[in-house]
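Each of the two complexes below includes chain A, the first together with chain B, the second together with chain C.
Up next, the complex of A and B:
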């Protein structure tokens, strides 16, 4: 017997479940249903059952775009983690005071909205005010052009967006790690420069994979960065979906694309989870 | 061969007579500071080839810093560390041929038992077959035959200790360093591990430096104990020398229980509890029995003599028995009273 049975936690859990059901599952079902409706230029949709919307997905444009979003989200996620993990390692070895400084810096980055960050980069990469001008002034670039919109600019935006989140997720376990493990590796002949690859990455592999997957899903849903910093052909599925659903008032096509995206995302997650589990044993 | 009991000077003499082996590890005037804190103040010590040394002291005495300097995990401020005639301070940690067991054990969590032990060999490009045979041999040596495929996390505390020891010895190190490896184990397991480490060390003949704060552990393991305090060596000597002939007041009270008796105009003396016999009459110090407790075979008493509480112990039943509060006369033979520096 642990103690008298209390209903508090169950009640809260039940409430949370209820909220999730109402605000996630029901819209999801609605979305799936709508994806089979007929588009109606005059009034969003007509109730029907057609495969036409899914058919459109396999026409090359949407197909390419969906893989492009998978690609940019995956690349973004890998880049974010590849940059954030070394930084967190570096920060965790600083003095307490400096660590606190970095944590506050990262937290304050997280407080900025996507739109503000997007604008900031837009200005930084613009022809008239930003980095290109600086490069011209230094003499490194003769005829500067704006660096955005471009795939690279969008990537920078995505990485910036995910950076503080990933850093703060990794920080607790990295700062509490047993430093003796790295020292043991050195006493066994590992050159200090290789400790990162031979010990730290394998030790944190599970957390690195899971935080990369989290970032992947997060970046798939990012909307502002691609529209602000990317060219139309860099636009991710999220942008296309809202463009179709809201811009063209074609809700059924938007819904069908969203369903396909959801299925692909879940498949990617399942496959990566299976792969990591197999390697862990 | 018990002439080691005589202490550091005699030890050097004994080795000189043997004439065969030079001191394997020689540390001279070693200093190390962290900021304004002087962790090591002028440490000098010579460790013989194959010798088992315990660095003993309380927390902050510098024992772990000294070990880490030998390992190359810290950089020294001044002084020399020579291993087999080679200047160790010029060699980075990963190129020194050392085996180290950490307090936290620091097993690689992503590798199984066998791969942990084989890590160093793999790094040096030892052929897989050869490494496998060696891992099997090391597992046998530490009593973990057949557990090579287990995850390190699936082992018990004592088994993990053995893996850490096997891993440290896998590269046949010139010197074996251990940093309080058994502090997390319960008493029975600790005793068992001490015996095993001693056995393995004797068989391999590897020069060993073992850091501990536990004097019982140091007594059980060491050929020679180096007692450290405040970044300096108080005394280095065989366990029984430290016990019966402490060089300083610190050593006299740090190792075991001791009674320090001040004398007017003379150096104070240290008398061990078991050297004191009690009687109801006779001349000498008199005192009153404060407390008596029987611990199995041993009877321990606290006796109030003047303003001081002295300790006395004997095998129960070997002496007369007294009531609590009884007035007794204390006596000891002169050769059991050790004069300390003033």
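Up next, the complex of A and C:
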């Protein structure tokens, strides 16, 4: 009597697999194929098999940019999680009504487009209308300068983008946690200030690591924040790839750079997964 | 049933979008924003009134992005628009891969009014593009911070801008040619890679002064108008609109000239409305239409000045008699990836 007669789940699973194959795997394969084509500055590209596009990655410029991308995505991911986790803990202890308020607030932040967020921060950090002008008015800053474009401005943009996503991923498990463990720790003499480090962080270590990795991958692909809020020195690989593929209409080089970034990302993820697994056992 | 109905409606919408052939309707694309809106509101209605051919105006993205989309569409045997506005780099690259339909000048007598060279011929001697308009990029300033208009492009290199310059990121902005003209006595230096590197090194001296290397025009314009930026390179026509709106900005043609860019109309190869498109090109090439565009959009006409009824004041608002600086497209195409990478490294390293 136990279920193999229903085809529903299999059908849904098959459908999901089909959609994934059509909309993810096929474009990916196409991208890999294009990355071996010969770019044609007078036209578009010629169907060919050359390693030239990959060869170009190994100039100092491109790997400087890719290290820079990995660095800012990693730093951004760690900052987002470091800020969002305490907030989620705080929210989860509030009344039901206040929790709902925070959830709706976080959800509505997710509706904003990257460009709108970028422009809002541009204005907030401008010397004519934003924070610098306010500081001058209060008397804290004599000769105010615009705070963007800068690395810090870009980081704020990245953190803002990721904040609600991370909070909403962490919220369900954090709000359902067993609070008896914290109480027991305090009863047994742990100073309340240390409960966060000794109890909460170890309890949620796995989900914190996985959400940090998710954020890392997400921030690696962000385009608008580096171009709007960052200096040219902060531009990430995403910006360079879009400049190549769209700006210069050099799809093969853009595709090759994207494939390299994909490989690097997958390697980083595998290494971190192995490291966390080893520590868990 | 609801889903079936929606599907049918969606299919209907797609079919009516892709096959404009059944009605006398032309799909014309132009750069999105003010340009496309003004063309649709002020210029196309005259054509429809005269010929009875309706014009569906659509917005197209930035040049290379649009070319990428046109190429992809051509591979699928489709034309996203019957007519499209492109700059010469896209025009030449598209012609090289046979992206544009051939046109018959006899069917568009109006093109006889154009200045020489504005009907582009392919290797077989057939016309494939017709000059649409020209536009200038000039030295723009915020008048609250720079009261005097700059007299030479060399002033960009002076330390007075307080680190508040805004410059385009792409190498085909005309800055290479401006630098060659201002400091190296002409475009000849750009003929060798050695020379190009010298010019790029000169541009690199601007880096401490440039706080925004922009790719988004809106961001530059907003920053210049608010005083966040004090000066930079920007479109003359758009800046004139801000001037007329009373904003504290100015646009100046320096002694070496403004940077001129030409835009052409092309018909994608797979368009099914070539005859109607030729009528459209005939209309757009007439001096009356060119004068109307100058008045309404601030673009620089591609017909001789004496064939139009523009007053001196109207002419001075859209251009200048100073010989312009012209982007050396053949060099940009020849040096392609090498030049783009050198330029990008200069900016981003």
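Side notes on the structure shown:
Going forward, the second predicted complex is superposed on the first by the 279 of 281 C-alpha atoms of A that agree within 3 Å, B and C clash if a C-alpha of one lies under 4 Å from a C-alpha of the other, contacts with A are read in each partner's own complex, and residues count from 1 in each chain.
To be clear about the criterion, contacts are C-beta pairs under 8 Å (C-beta built on N, C-alpha and C of every residue); 3 or more make two chains touch, one makes a residue touch a chain.
Quick caveat, the model's predicted, so the values are computed rather than measured.
Once the two complexes are laid over each other on the shared chain, residue contacts for A:175 go to neither chain B nor chain C. Put chain B and chain C next to each other and count what each touches on chain A; the higher total goes to C.
In the superposition on chain A, A:276 makes contact with neither chain B nor chain C.
In the superposition on chain A, A:186 makes contact with chain B only, while chain C stays out of contact range. Contacts of A:205 after superposition on the shared chain: chain B is touched, whereas chain C is not.
In the superposition on chain A, contact of A:129 is made with chain C only, not with chain B.
For chain A in complex with chain C, the touching residues are 39, 41-44, 56, 59, 61, 64-65, 119, 122, 126-129, 146, 149, 227-228, 232-233, 235, 240, 243-251, 253.
By the touch criterion stated above, chain B contacts chain A in their complex at residues 71-73, 92-96, 98-100, 102-111, 119-120, 123-124, 167-168, 170-171.
By the touch criterion stated above, chain A contacts chain B in their complex at residues 178, 180-181, 183-192, 198-199, 202-203, 205. By the touch rule above, chain C contacts chain A in their complex via residues 62, 64-65, 67-68, 71, 92-93, 96-97, 169-170, 211-213, 215-216, 219, 223, 226-228, 333-334, 336-337, 340-341, 344-345, 347-349.
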